[in-house]
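Questions regarding the structure given below will be posed in turn.
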Amino acid sequence: MLQELFSPSVQHVLDLVGIFVFAISGALLAVRKNFDVFGIAVLAEATALGGGLFRDLVIGAVPPAAFTDLGYFSTPLLAALLVFFLHPHVERIQVGVNVFDAAGLGLFCVAGTTKAYEYGLGLPQSAVLGLVTAVGGGVVRDVLANEVPSLLRWDRDLYAVPAMVGATMVVLCIRYDALSPFTSGLAVVTAFVLRLLAMRYHWRAPRAWNRRSTVTEEETPQIP
Amino acid sequence: MLQELFSPSVQHVLDLVGIFVFAISGALLAVRKNFDVFGIAVLAEATALGGGLFRDLVIGAVPPAAFTDLGYFSTPLLAALLVFFLHPHVERIQVGVNVFDAAGLGLFCVAGTTKAYEYGLGLPQSAVLGLVTAVGGGVVRDVLANEVPSLLRWDRDLYAVPAMVGATMVVLCIRYDALSPFTSGLAVVTAFVLRLLAMRYHWRAPRAWNRRSTVTEEETPQIP
Amino acid sequence: MLQELFSPSVQHVLDLVGIFVFAISGALLAVRKNFDVFGIAVLAEATALGGGLFRDLVIGAVPPAAFTDLGYFSTPLLAALLVFFLHPHVERIQVGVNVFDAAGLGLFCVAGTTKAYEYGLGLPQSAVLGLVTAVGGGVVRDVLANEVPSLLRWDRDLYAVPAMVGATMVVLCIRYDALSPFTSGLAVVTAFVLRLLAMRYHWRAPRAWNRRSTVTEEETPQIP
């Protein structure tokens, strides 16, 4: 297979950091939706582990890491507890949360792509699955909270594109035999920085072509 | 592996009872949402089999029991038919349905935990998967019906905790080599009674800590 | 196993046609929901591949075809691009889209049933999984778009029944050893024509029995 990109313990710590920040975003949404403490924990778990769980089911890595590594399962609970007791403070540092979430996005798209390739998927498919790993948890979070996934909404800053770029960098490195801790780290950082820039400058993706200059838009302002 | 907890036929009948009562709850929600007869059948199936299906995919038990045992598939259809023709009567006996649903919760959390352990998961993970088996169908039901899962809502009586207690009792019994039909039955009954008490005395879980005495709550009464 | 029903390339082209038309329906809903270009692509992919992905996970065909055959993945992107640039024209030919969607329904219910049987499921279960393959993508589409799945709504023309008939014809043919390209094609055409008739004459399924003549209906007109 591939050589280990990072030493196992470094990789594991990075995974846990990604899981933790995604869990924070899930727990915060749960507080905003007025869920109880169990709802907060469930949404934290689903947000943090949903993307990886889907990836593991698709590549046949059962039982998924979420159900074999106890650290993967406990970390979101810790995040849920923090939010439960400290949520006004956590909300106040929303900027910090967004930065961490961007880091999680970078880490997950790279780790997801690498794992998919190790399990025998082709290069383009590995990149797609890496993207799904990175953004899937957020979609599960929004579906459970009965909201339109923010991934799909036009009025949100770019989220999928940074993960796409990171995943693409990984498969290009694999293709040209240049995957190393350094190039992997570069892919993580690229996705991370792109997401930060997207938030800073409110980069958005276009909506359907002819929609932009028609009356349809004004006629349906109630659509969330 | 484990000795059979109950004779296979008893276990099977208990499974079918759990499936039946969960299916009733799905079919009743479908009627309330004004779905047609197929919508009622689909929601009955998804509610009854969703939790077990997720568990089987996670532990690699494919094809899942829901697609190998014809009784598992037919029972929700029977429940859907009953609700379709008799739903005012079924609604009138809502108390009875709630009692059966509590029984299903107890049965599923114990059966789910046991099956997960038999497939090689660790003890804590088995308990988590048992909990997911018990509550998962209800979440699928609410997501399909486009509602906020009642599992997550603070204004619902405790639902997850009784299942957690039942699942924990099972893994403790396994840990101390005390799993028997008697102790398994005790876990089922404990979860069942706890859920009944939660409904009787409207036990609820707290929402996020600082939320309870701030104005935030009054400012957002429109959140469902 | 079964003899190949069609020559592989014909089967593959039919699959891609079904995927394409399902993707169109997903992309059009995304435009109506005001999603951005990535939301359009995601909804096209999920609609086109969701049913088959679920089937493959259930029968243990991992990695699923959606992640091994690049054509399966690229086709929805093509559909998303078309809708993105041409959507008023695509909407104008909504009738054409509905006809293609009916063709996709017929193709998928037959292909899904056949593949499930090849992987060892029993005959009734194969038919159920064929049905799920055909209608599953649409359910995923509606859940992601935060709408009540149109499959479940009483005010939509029959959608599940044509697929049920097609899947049932396939398992009857298998049972009586009469499965051939001709009988398979007949099942596809039957499901296709039934769906066209259901749309033409607005065939609908009944809602719960006692509901139809009570005041409950008028009391809850706000339910979508």
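Per-chain numbering from 1; labels A, B and C assigned in written order.
Keep in mind that, in the parts below, contacts are C-beta pairs under 8 Å (C-beta built on N, C-alpha and C of every residue); 3 or more make two chains touch, one makes a residue touch a chain.
In this text the structure is predicted, and so the values were computed from the model without any measurement.
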Classification of the chain A:chain B interface as same or different, half of numbers criterion: different
Angle of rotation relating chain A to chain C [CA atoms, steps of 5 degrees]: 120
Gap in Å, rounded to a whole number, between the CA centres of chain B and chain A: 29
Per-residue multi-chain contacts in chain B, two or more chains: 57, 143, 146
Chain B-touching residues of chain C, taken from the complex the two chains share: 57-60, 119-122, 124-125, 128-129, 139, 143, 146-149, 151-154, 160-161, 204-211, 214, 217, 220, 223-224
Chain A partner contacts - residues on chain C that touch it in the complex: 30-31, 33-40, 42-43, 53, 57, 62-64, 67-68, 70, 73, 83-88, 143-146
